[in-house]
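Have a look at this one before I ask anything.
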Amino acid sequence: MKAVRLAHRNSKQKIVLYIFFVIVAFFFLFPILWTLSLSLKTIPELFEIPPSILPKTFTGIGNYLYVISNYGITGSLLNSLYITLWTVIGCLTVTLPAAYAFSRMKFKFSSQIQFIILMFQMISPLVIVIPLYKYYSSLNLLNSFTGLITIYIAISAPFQVWFLKGFLDTIPKELDEASIIDGCSRLQTLIKVLIPIISPGVLSSVLLISIMSWSQFIVPYILIDSPAKMPISVRLLNLQSSLTNITTHYLAAASIIAIFPTVLLFVFLQKYIVSAMTAGSVKG
Amino acid sequence: MLPSATISAATRKKSLSYGLWRISQGPVLWLIPLALVLVTFFLYPALEVVRISFTNSDMISNTYHYTFNSYIRMFTDASFYNMIWITFFFVSFSVIFQFLLGFIIALTVDKGEHLRMKGTVVARTVALVSWSIPGVVIGIIWNILYNESPSGIINYLISFVGIGPVPFFTSPVIALFAISVANVWRGTAQSMILLYAGLKTIPMDVIEAANVDGANSWRKLLSVIIPSIRPVIVINILLNIINTFNTFDMIMSLTGGGPGRSTEVLVLSSYTTIFQLLDLGKGSAIAVLLLLINVVMSVIYIRISKEGVST
Amino acid sequence: MKRTLCLVFIFVFLTSFIFSGCGSNNQAQTATTSGNSSTQAEASSTQNAPTANTKIIVTPQLIGDPDAKISISWLPKDGLDTPNKAVATYLADKAKAWVEKNPDVKIIPIAQTVNIQDAMAKLMVQVAAGNAPDVSGIDSFLVSKYYGYLQPVDDILKEKNIPLDSWFPFAQNVMKPKDKILAMMFTTDVRLFYYRKDLIQTPPTNWDELITTAKQMSDKGNVGFLYPAGRNETTSCDFLPYFWSQGGKLVDDSGNPVFNQGDNKTYMLNALNFIKQTIDEGISPKRVSTFKADSDMNSEIASGKVAMFLGGNWLAKQVSDIIGTQQFSDLWAVAPIPMKAGASRTTTSGGWTLGIFTDDEQKRKLAADFVISLYIDDEGMAGYCSAYGLLPPRKTIYDSAEPFKTNTVFQQCKEELEYTTIRPGASIYNVISQDLQIALSNVITGVSTPEKALDEAWNDVLKQKDAQKQ
């Protein structure tokens, strides 16, 4: 009897969940579907009344060709990937040890220092970009990926320190002690024991850092001069319709291209999160 | 190797590695990379912003005076209190709903996985996609969606359920809701992934213990799940608050601060002051004010969340 | 686990490499359109076979021989990668021709952005830090901020037989503030009043007639009158003619704001009340305050339901792109902007100028020579402006070059240019402009009365002006 009731309850739950998933999917997907629709339209179709989600013809594929070959959107995609990769590596290298120290060690001024670090997070990059220009000019870091990567690391580090510390705090200190008794140094403990357990958190961190660096557009615009080095966010913006030119369809096509690698990344990383889960929870 | 084994090695080696070991027990070595990065690249420009806020500098002339005038002008700006209210509304609405929606989605996806439902991966991915688009592009897309002319798609769709065309951008009140909803769309993914990751780090035995106890879902949620991922929730909300205070790219492309100044949050005002009015002094003053507000809010928040803490 | 991650990254990078492989090969052919044989030859030269000019390449980030000794940095109004294909082709062809004549010079374009404010802010930061580009496009209403940094070009223009008088008087004022020519204006524009000639027999000549006509139109189910009123500089350009035509002045000769004093106050209130009237009488919808660019009006205009609108002269081309050139000329005509009865005729002109920052004498001459060939001399200005659909600021072009000589819209624009006003070069102008945009928005959405909105704008401008003085 109990089994049947359980099964019944389960299928009711499943139906509710499915409905919820559909609503959620619609809410999040609709703007993107609309962008996709815009990317396949020609200029007259952009302004149709009433609006329709399906383009009339599929000549809009030409928009993608234009954006890739004439506008060179893929070059800027590569730039963004390169910058993001090094920002992630640099940021994690710098913040994981710091998060460990704040989580595991009790020392004087610990909470004050943490708060000061948080204060850096409260300063918007857009404001520091003006003095940053002069400063980087004197450091000869203008118009270079290195300059951009360093400032991105500096911008995302405060957030990540607090964030990763939060995850580390969920792991009981007994685990550390066990591994030190086993003969590991603190560093080894961090790398071999703790990080794998909080790997979902580290992964989320990777995603957060990537998104942050992907979205910046004021900072790279001010610091970089050469069109070949511009990341994709800036190049996307340039496809906005200007006073004298209608380019919404190109902007839509470029946006879809820009989302493509990140969606790919998400899809693959998810499987990693899941497999990391089962490994991590067994240890707990 | 046991620590004692290290210590019993050759004398010189012993003091060096012992010295290193001692230092690595303390926080200094661990914090140096972070400190280096922040001090070298962030500190000087940040201090410059504070310094400039006490001048009347504009973008181009290299001569300026030190004065409180930038602050005075900021506080006596006719829309100043309005901007503060708008900022607080925007931040509160965004953070609360991003958290709620993100949490619900994380829970349901987690539950769906337990029930081995198909399509949970899709649901997860879908919620995340909105995150991968740069904020400024999200503003452009939602601007197109909210368009009030006859070719605007949202108004067109809701006309099917009989609601008249909604003045998304010509009503100051509705515009504020409009940007908040767009921001929830943008930010829920972040909350969701963090809370989902947090849910996944709850040890299985804790969950099983709760299941065995026969607790119903609601009680399980309140007394088991939430406390276990409490640090993650707290951090998530705090960081979300700070980030939302600094969100301007989406609003800039969505409404530009209009109609009038009814969607001009503080950080957007800083941007327009610097980049459009070319007034560096006042723009920096607004940034410093924003910093102070963030500091105060964070302190209050941390105090409140500490009060319920057992560990 | 780590392996899967590595595989993921490798996969993503590979796919992007494949894409970018296609992309970068074509980037060298940026401006190539089919059927242009010279650019096709140039394109293949970037890949392998040497041409007569060996190593000259033409890309959005470098024009010329990469080993050339002299390099000139250039911040263009539109780069070679602009989505406007006609302009991209034009610039690439002209630039290539110039570097072929000057093989020891290479031009390095700096990335531009469609967001003019960001671009001009960046230029300012660069100039203030001593990193100004050698030659730059500068929006005409901001040129005054750079007068202290720009190099004179009188001698070069004289050498090339391009007299200052060939420009319209308003352009001359922008280019030569005191005794030296510091900037060269290469495009301009006007705001036009467009009306449906199939629905309206005689266009209205003043505000009252406009309201009456528009009401008749809206009775028939059309939108009477559209204009951009969002937070953007273009709104000010469309609004200020109403003020100027009555004799209003925004600032006095020393650059101090005067728009809320004396008669100016009356004129300004008249203009604001007119706008309020368009909303109250129902001939303009409140959503005009959401139009940040006048191209935002395009969808409604194209739908055929709009009777009259106010906007830039470029809208003619944009709307034609949507509904077809023939249909556009069948339906739409242009007339002087209706003003308060008895006021004079005027419109606003903006435009762009070119300025030389480098103080190196050789570079100055070369940079000037380069931009003159692209934008300023008879061939250059006619070529660029016709590719873009913008107006030449040199009178003589309208008499000498196609399509300006024969196209009716261009000739009408030429007429408007005789009556046009430009925005004052005072440093307080952009504050005034911002505050007026906010005031307009508040009046339209009903948040403030015109009096209150004007007072708020005035107070904010005064505060800012005081700060500048200190």
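In this document, chain identifiers A, B and C correspond to the written order of the chains, with residue numbering beginning at 1 in each.
As a convention for this text, a residue touches a chain if its C-beta (ideal position, glycine included) is under 8 Å from a C-beta of that chain, and two chains touch if they have at least 3 such contacts.
For clarity, every value in this text was computed on a predicted model and none was experimentally measured.
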Pieces of the assembly without chain A, by contact: one piece
Which chains are joined by the largest number of contacting C-beta pairs? A-B
Provide the C-alpha centroid distance between chain A and chain B, rounded to the nearest whole angstrom. 13
Using mean C-alpha positions as chain centres, tell me how far chain A is from chain C in Å, no decimals. 36
Per-residue multi-chain contacts in chain C, two or more chains: 118, 125, 128, 299-300, 303
Residue list for chain B, restricted to those that touch at least two other chains: 59, 149-151, 274
Quick one: which residues in chain A touch 2 or more of the other chains? 47-49, 130, 218, 237, 240
In their shared complex, at which residues does chain B touch chain C? 56, 58-62, 65, 67, 69-70, 73, 76-78, 147-151, 167, 169-172, 256-262, 272, 274-279, 281-282
In their shared complex, chain B is touched by residues of chain A numbered 10, 13-14, 17-18, 20-21, 24-25, 27-29, 31-32, 34-35, 38, 47-51, 53, 90, 93-95, 97-98, 100-102, 105, 107, 110, 113, 115, 117-124, 126-132, 135, 150-151, 153-155, 157-159, 161-163, 165-167, 169-170, 183, 185-187, 197-198, 200-201, 203-204, 207-208, 211, 214-215, 217-218, 232-233, 236-237, 240, 248, 251, 255, 258-259, 262-263, 266-267, 270, 273, 277, 280-282, 284
Taking the complex as given, what residues does chain C use to touch chain B? 117-118, 121, 124-125, 127-128, 145-146, 230-232, 286-287, 289-290, 292, 296, 299-300, 303, 305, 430-431, 434, 438, 441-442, 444-445, 447, 456, 459-460, 463-464, 466-468, 470
The chain A residues in contact with chain C across the complex are 43-44, 46-49, 66, 68-75, 77-78, 81, 85, 130, 133-134, 137, 142, 199, 218, 221-222, 224-228, 230, 234, 237-247, 250, 261, 264-265, 268-269, 271-272, 275-276, 279
Complex interface listing, chain C residues touching chain A: 1, 4-5, 8-9, 11-13, 15-17, 19-20, 22-24, 26-27, 30, 59-61, 73, 79, 81-85, 88, 108-115, 118, 122, 125-126, 128-129, 131, 234, 293-295, 298-300, 302-303, 312, 314, 317-318, 321-323, 388-390
